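Before anything else, here is the set of structures, which you'll find just below.
First chain A sits with chain B, and in the next complex the same chain sits with chain C.
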Partner chain A sequence: MADTQWPRFMVFERDQPDHPWKHNGSVHAPDLEMALLNARDVFSRRPEQAGMFVVPMAAILTQTREQLAENPLVVKKLQEGQASSASSSLPYMIFAKTFEQGPCEYVAEISAESPEAALAVAIATTAVKNPLWWWAFAASTVLASDAADAESMFAPARKKSYKSSNEYPVVTMMRQIRAKGKLED
Partner chain B sequence: MYGADVEQVAIELNEDPQKLADFEARIARGEKIEPGDWMPAEYRRQLIRMISQHAHSEVVGMLPEGAWITRAPNLRRKLILLAKVQDEAGHGQYLYHAAETLGATREEMLDALLTGKAKYSSIFNYPTLNWTDIGTIGWLVDGAAILNQTMLARCSYGPYSRAMVRICMEENFHKKQGQEMVIRYSQGSARQRQMIQDAITRWWWPTLMMFGPHDADSPNSGVLIRWGIKTRTNDELRQDFINQLVPDLQACGIQLPDPDLRYDEQSGNWQIGEIDWDEFWRVIKGDGPMNAERMAARRKAHDDGLWVREALSAYAEKHSPLN
Partner chain C sequence: MASPIADYLLALADDELILGHRASEWCGHAPILEEDIAFANLALDEIGHARLWLELAAKEMGEDPAKYPDQQVYFRAPDDFRNSQLVELPNGDWAFTMLRQYMFDAFETQRLDALSAVNHSGMAEVAASIRNEELYHLRHTQAWVRRLALGTEESAARSQAALNALWPYAQQLAQPLPGESQDVPSSSDIFDAWRNMVVPFIEERVLIIPEVSGFIGDRTQHSDHLAPMIADMQEVARVEPEAIW
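Take a look at the complex of A and B:
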């Protein structure tokens, strides 16, 4: 059997229960459950986190600013979506990266027939204008951490103060050595 | 290192001149290039090469320090070292992710590492011989890495730049815990002072080599600087590092193993003797003190993990909603 590193899953987090979800990175895993566990190991080493979810890469529709400018596929899909009935619609989560240094952040949950149609609605109706890129994926493809597990998943990182560079007073120590030729203890 | 650059490449650009001009104008305006945007094939290739090499360095970098986790002298030092090694694993993951946004697959990258096709920082091919090597790696090796990575945080490719911002923040803890250790040992007992002197003597030159060849011998620098992947040269970064470290190490009473080291009043720079480039190229080409051992350890970890990957795959298949 050829060795595999499995598919990729995108990882999202929020730092407070009432804060918006933000994209954090990706992990590889055989399934959603392992993806969430791997995400915890890779991304919860530093505070503050209050929740996390994973979604298969393959389930995400991406449209970059450049792609939308060159190929307004989404607008076309919107027209198609409006023409058909809304009976088979599903909730889709919409994310956007609006500026370079900021995260790719939650925008809205929109019910639609396809990720393209959901994205078209988001482009037409939300306050987000011309972001660097959009992501849309069905809410059903997500596995989120249980609120009841938040303490065991995220609290330990808060107690590890030795992971902060402020814990090491090296500037003061160097000053003592230069002034007195030794450390004050 | 940690993103340093040692491979010879020939640059050939067969790109649409208009697209190339637009791309270079974006970089000139300080815009970040994002996944999915048009980019020259050579830009993509150089980035995949650098980022995956950087990721491999983080992963292999766990080995020299990991060797001391069981031998840490007290619980506090053990906790710090565990957290640091765990951070390096995480940094490897952030970087593989950044390379994947360019279309590289995890399988290809791991295969390149395990078959010895890919490079990683030469610094990890040196052994950690006494406990104070751990502090020395933190202050010197992570300190050098931070300088390089602070530059790369301004890189024109968005995902690499953002991975660097995050990594630098965490690496500051690595550097400072190392510096604190070196300072304490340098002010400690005669035995401790002798240990830290021994560690710095062994790590000084290999750390200076981490910045890569002199600018004149660095074949990638031109294209990397033209496209905003790098914004400073190997020699500039190396000089900054030397200027930062020499006065502090000397204040700690530590001797540097360089009889030619002197302060140049005119330039305000500490000037070093010549680096042993034969040693540098020997280590890069696989003949350093620990190359074989590091690769053997990586391959063993990969092979030993096979049953876990198989078990997880089998579990996932059994529980798949498709079955």
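Take a look at the complex of A and C:
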């Protein structure tokens, strides 16, 4: 059967306005705007959330530790990038996952001619060394939540109490009611 | 003790409750997983709003706000519900569900704007707190209505069919709610503001607003669809009135 899924978008968020962006998960959506709405509904029911953005997975350049070790592509691009003029450069966002249990976190925003060139600069100049993987994507491919929308997107979740599923007696109660034969399945 | 304000609050609560229950019927059936989660969240929001209005009604009536909402939701006869017929109609297809939710969310944002300014501190507070959530619902449903109306030939046809079916029911929102007095915003004014908001939005999406003739009736009258829905909603509570959720 053909894949009928919509494209995937990566979801990033931060819990305070001055905290770093972190990757949270992914959603399917027909376009960027719906991706942001889906991301809000899937990932922001719990406090705290201060901002969110989505980016098409197809727009992300990934380089894993293994890929970089096997293929010095990025280093080559860096040399090319340095050689050409900087007039056509764009801002790229660089993220890295540094350890297994940690998030893929914001590293830097770097102006470059291509995601490869931006990543090469990040590898050469930032404090992050040899992470599990790098991500680079053009800032223009991102759709972020608006500061003006924060009230309707994130504030309602703060008022909702969170109960773990085992705190609800519903399942046990339904079993008892069924056992008494009062309800049909 | 019954009061006009309590009657009014009950009607507000019933619109939220019945629409929230209809929305909850999509849980596990929505077109994609993400939307299933989103729409179930929205259903919970609406039911939560009903609870806030019912707690306020309890205070007006000198009832226990911890018990009154459940009593009203689980042990009231269908004839005693005061929701509009728009919200009780079965869900139909996704275009129908999204357009109905859009139309009602738009009406609610207008109503809540007006209610946030009433001279009744409890009502104004609840209205202001619900409004934030409704603004987000509206954004979500607008996004869907736009895409379905301008999408494929089939989605456009389904959107138009939904509009033809829903528009006559929406006219009922112009009628005064039970207990509506000079102290609360006039439903007819809210309806006019709503029309000015939704008609351009709908027409821009190349749907045609249908002609309306006839009169749906007031909120003491319901379609045949309400009673079975209430029976379903109340089934477990009526079997086990002492159940703890």
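Simple rule for what comes next: the second predicted complex is superposed on the first by the 158 of 185 C-alpha atoms of A that agree within 3 Å, B and C clash if a C-alpha of one lies under 4 Å from a C-alpha of the other, contacts with A are read in each partner's own complex, and residues count from 1 in each chain.
Rule of thumb we're sticking to: a contact is a pair of C-beta atoms (placed from the backbone, for glycine too) under 8 Å apart; a residue touches a chain by one contact, two chains touch by 3 or more.
What you see is a predicted model, and the numbers here were worked out from it, not measured in a lab.
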{"item": "When both partners are placed on the shared chain, which of chain B and chain C touches more of chain A", "value": "B"}
{"item": "Partner chain in contact with A:His28 - chain B first, chain C second, else both or neither", "value": "both"}
{"item": "Which of chain B and chain C A:Val42 touches, first, second, both or neither", "value": "both"}
{"item": "Which superposed partner A:Asn71 touches (first chain B, second chain C, both, neither)", "value": "neither"}
{"item": "First, second, both or neither for A:Glu100, with chain B first and chain C second", "value": "first"}
{"item": "Chain B versus chain C as contact partner of A:Ser140, first or second or both or neither", "value": "neither"}
{"item": "Contacts of A:Ser111 with chain B and chain C, given as first, second, both or neither", "value": "neither"}
{"item": "Touched partner set for A:Thr125, first chain B, second chain C, both or neither", "value": "neither"}
{"item": "Partner chain(s) touched by A:Gln16 [first = chain B, second = chain C, both, neither]", "value": "neither"}
{"item": "Which superposed partner A:Met153 touches (first chain B, second chain C, both, neither)", "value": "second"}
{"item": "Residues on chain A lying within both footprints (that of chain B and that of chain C)", "value": "6, 27-30, 34, 42, 45, 168-170, 173-174, 177, 182-183"}
{"item": "Residues on chain B engaged by chain A in the complex (per definition of touch)", "value": "31-32, 34-38, 76, 79-80, 83, 86-87, 89-90, 93-94, 97, 100, 105-107, 110, 158, 162, 170, 172-173, 175-177, 179-180, 183-184, 187, 248, 251-252, 306, 309-310, 312-313, 315-317, 319-320"}
{"item": "Interface residues, chain A side, partner chain C - complex", "value": "6, 27-30, 33-34, 37-38, 40-42, 45, 149, 151-153, 155-156, 159, 168-170, 173-174, 177, 182-183"}
{"item": "Chain A contact footprint on chain C (complex, rising order)", "value": "32-35, 37-38, 41, 45, 129, 132-133, 135-136, 139-140, 143, 147, 235-236, 239-240, 243-245"}
{"item": "Chain B contact footprint on chain A (complex, rising order)", "value": "1, 3-6, 8, 25-31, 34, 42-43, 45-46, 62, 64, 66-67, 97, 100-101, 132-133, 160, 162-165, 167-170, 173-174, 177-178, 182-183"}
